[in-house]
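The structures come next, written out as structure tokens.
In the two assemblies presented below, chain A is common to both, partnered first by chain B and then by chain C.
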Partner chain A sequence: MSSKIAKYPGTEVELDDLRSGRFLSSDYETLLRYSWTSGVAVSRFLDGLKSGEIWGKKCGKCGRVLVPPRAYCEEDFVPTDEWVRVRDTGTVNTFSISYVNNDASRRKEPIVVSVVDIDGASPGMGILHLLGEVEPKRVEVGMKVEAAWKPKGKRRGAITDIRYFRPRG
Partner chain B sequence: MKRVAVVGAGMTKFRRRMLETGREMSFQASRMALDSANMEIKDVESVVLGTAPDAFDGVHMKGEYLMDGAGGTNRPYSRVYVGGGTGVFAPVAGWWHVASGMFDTCLVVGEEKMSPLRPHPQYAFWSIFDHTLERPLGVTLLWIFSLEMRRYMAVHKVKEEDIALVSVKNKGNALDHPCAQLPARITVDDVMKSEPICLPVKRLDVSPTSDGAAALMLVSEDVVRKYTDDPVWIDGVGWNVDTQYWTNRDLYYPRYVEAAARMAYKMAKIDNPRKQIDFAEVYDPFDYKELHHMEGVLLAGKGEAPKLTREGVTQRDGDLPINPSGGLLGVGNPIAAAGTMKVCELFWQLRGEAGKRQVKKEVNRGLAQAWGDLLQVGTVITMRR
Partner chain C sequence: MPEGVCIIGVGYEGFRPTITDVSTRELMFLAASKAYADASVDPRTDIDSFICCTEDFWEGWSITDEMVPDQVGGARRPVCTVPADGIIGMGHAVMHIRSGVADVVSVEAHSKVADVLDKRAVENLALDPVYHRQTGAGSDVLAGLEMSAFMRRSGVTRDDVSRIVKAEKARALSNGRASYGGTLELKEVSDAEPIAAPLLKYDKAEFAEAGTVVVFASERWAKKNKKDGVSVDGLAWRSSAPWFEGGDIMRPEYASEAFRSVMKQAGRRGADSFDLLEIDDTYSYKLLQHLSSVGVPKASAIKMVEEGRVNPSGGSLGTGHLIEATGSHRVLECALQLRGRAGGNQRGKPGTALALSWRGNPTATGAAIALSVGR
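What follows is the complex of A and B.
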């Protein structure tokens, strides 16, 4: 705002003003359906999850083991060529205790979400996942964790084949 | 390269829900910017509009939808978009329109109408995450902020109470902003006791969702004297986008913001930002982000911003005022409009027109910075008398 301007435009209304018809509005709902291909690199990664394994891809130039794997190294901008099996354990890089769903509605019970740096990949190669079998207030940055896999028959080649990561016993 | 001046600025009120459509808000802000520059639409040679995801409005081709209200009709017009960084990126794009010599004038508009999406605008952010590896986990935008805040706190041993001071300051500063949505006198205790959202993020750590628009008029050095004797010059611009693999980066420090700032500083011949920048409007959608970004733009050392805040350095009457406008936490966060509002604030502060918000010390140069995408873009502009 400038001291030279006395009045600023804009008319605030409440959602109830629209619902009651005090101000006119129109509503619309849409459903869009998508089928995403998993891509060359991530398809192999998902296959690994089905077998209870985590796989990364190594860049021949910088030597980084990349997780999630990609078909190219974004820094050297060359194709990655070697698959490397990494471990299904890691370290909590950071975490959050979430009381909300993705539409901003409240959850009954909070869940713990985390970036887990995967052992055997290059330092700082983390993935987003949930933490389980732990009291939220006991979680710490630096905590050692391991994947809690779904039973073999229930895995379908998805990130949710890992139910969550839990503290290493 | 032509030197580029800002000669006018305008904005609407920022509110949770406006009766005005996005086009109407764009018109209101644009008209105010033209009027304050003593210009008419015939004087506008090019137009750049910034607005964030189409999903808020449910209107695809949102740039085209908004165009008539932003003065773009039958002109060289474009929409730019880098997520939350858009509001400062639009003036950067306006700058290159004029600096290149292609145009003598460029109208820059930042617009956002978040309110149409139900039940909550937050839901639109669902689709920014990886469809195969992240969305199945139920990810929300709030998760990534809280993950970043926790990492910042863990690496530098920062206390939540120190972060809360930013919210107290900015909401307080906004009491003097006539467009502000959430001005308030609050205490650190209020922040600490507010509803948990994604801990460590609590209700009062977060800016609101908003409708609003802001606009700027840019002109070249060749024509500036036609419009004003009191121009404010854009002397540095920078932008940088880091990898989309956000879980592979150390979130404690925004290296892409530093890269954007260094690009602007090189252009503006700034080698000691702490001495050569008098005040700053850094991006504050969450309170910790102000600290994160003060460090990213090199106005504080790594981990030093909480200390400067605690010591009062960043207050409006301090040695390095940060977000004297009230920022996104106080004025509101209509995404692209919020970033552009920060550049408007530089203009008003540097012209000494900020009224009750005028920072105490004499100011000759200011910095505005925005941030966004998937924790990955920094956009920076520096301006001087």
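What follows is the complex of A and C.
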């Protein structure tokens, strides 16, 4: 409705009207399932996480170290040819204090989501991850952070093998 | 006189039932790298427009087009996605060139369909939600219904379609890109387990995975840069009425009308004017139906398939179905044949070729392209 229109002409249909069968509709539910092949670059990256390591790939042409790694350099359109182990520390590039889940439901306690520029990677190469062990109001751009790893036996080769990044030192 | 357009490079990777060693993006990069090497172009400076043919549900990723640029060389360049068969994407490339938007265009299409764990769930989402989806009849059942009607009205017999299967599977044995070649006896094909009778096991193309990239250029640009190309003499696509229950089963309009337009553009008279044809055979009977729709009668059609003039690649029945890359595969096979680089299934020195695609059930959309060399 707008400031000029308080009610549109016609009959409003509420969700309960459809559920009760007052109006005819067609329902359909499905389950879509995928299992994506990780490929050369992502597989090595995930395998590294399992070992508590972060790996990138270096482009032999422009020299950039890409983290997370990619099998090709999008700038030069050549295969990346050197694996580089980078540090598990970095700097907060940007952050957001989120009060919503990804299904748009509200959270009681906020989470801090950040892009962390990884030490050893080229500028602009970051990992989107959570920040932990820090009060949201104390987070700031430029904050030095380190990865908080899951215990070795609980890692499974996923980005969540890093529980979150936390303030360093 | 519209601007002439030609293919200056092709590249591909994969062509296996399942590719486990590279990701979708890496597959695209490998195919693109080969195509650009074949065309001797640098995508970062020479290519003006990038087109990707893909469908989000097959990718399992919404707005897939946003994830395309890097792996085809199109970072910060004009990139668009055509959610349709590869030949339709090529139609957009021709339009980009003829409208003056671009001189050189890359068209990518791929299948990474093994990543989709429940392909039926995706196929079912394409069915009409009110009338068809509720019945539990999937795309193969629609094929069974159409096959039954087509055979009854055309006089095509079980033996006829089994001959198609046998010939294509055998042809695929000499094609390095084919995943489903084999030596089958007619009885083996005819006695196979039913999917949706009369549609039997071997009547349906199985899925395969591949990445394909075709590079198009204006003939003016190709001439200036001294590149030999395969000429695009005509390209068209059509959609018939999307009601499965309607339409002429003997003459699928999407195929006959697209073909008619291509013939007019190419200044050709009929299917017989092509040295080779790569025609949709998603299902065995569809090959005969499509050939019938472009004016090739049953007796000639079967002979042309058995002699290898139609689908020398082994078609989708022998190579595997590549979802939206299926049409691109047919163009790839034609281009390789015309350049004498088709490998084990090379057919002499063809000068002209026709590729015709269908987007699969429940669609009534098809595309055709006429190609030639040495004009």
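Keep this in mind: the second predicted complex is superposed on the first by the 142 of 169 C-alpha atoms of A that agree within 3 Å, B and C clash if a C-alpha of one lies under 4 Å from a C-alpha of the other, contacts with A are read in each partner's own complex, and residues count from 1 in each chain.
Just so we're on the same page, a residue touches a chain if its C-beta (ideal position, glycine included) is under 8 Å from a C-beta of that chain, and two chains touch if they have at least 3 such contacts.
In this text, all values refer to a predicted model and were calculated from it rather than measured experimentally.
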| item | value |
| --- | --- |
| Touching partner for A:Ala71 - first (chain B), second (chain C), both, neither | second |
| Contacts of A:Val40 with chain B and chain C, given as first, second, both or neither | second |
| Which of chain B and chain C A:Tyr99 touches, first, second, both or neither | first |
| Contacts of A:Thr30 with chain B and chain C, given as first, second, both or neither | both |
| Touching partner for A:Val115 - first (chain B), second (chain C), both, neither | first |
| Which of chain B and chain C A:Leu130 touches, first, second, both or neither | first |
| Touching partner for A:Ser20 - first (chain B), second (chain C), both, neither | neither |
| Chain touching more of chain A, residue-wise (chain B, chain C) | B |
| Chain C-contacting residues of chain A that also contact chain B | 28, 30, 34, 36, 38-39, 42, 70, 74 |
| For the chain A and chain C complex, residues of the former touching the latter | 26, 28, 30-42, 70-72, 74-77, 79 |
| For the chain A and chain B complex, residues of the former touching the latter | 1-5, 8-15, 23, 28, 30, 34, 36, 38-39, 42, 46, 66-68, 70, 74, 93-105, 110-111, 113-115, 124-130, 136, 141-142, 158-160 |
| Interfacial residue positions of chain C with respect to chain A in the complex | 19-26, 29, 32-33, 36, 42-44, 57, 60, 69-71, 73, 75, 112, 114-118, 121-122, 124-125, 129-130, 133-134 |
| For the chain B and chain A complex, residues of the former touching the latter | 9-20, 25, 28-29, 32, 36, 58, 119-120, 122-123, 125-126, 130-134, 136-140, 142-143, 146-148, 150-151, 154, 177-179, 195-201, 211-212, 243, 245, 247-251, 348, 351, 353-355, 357 |
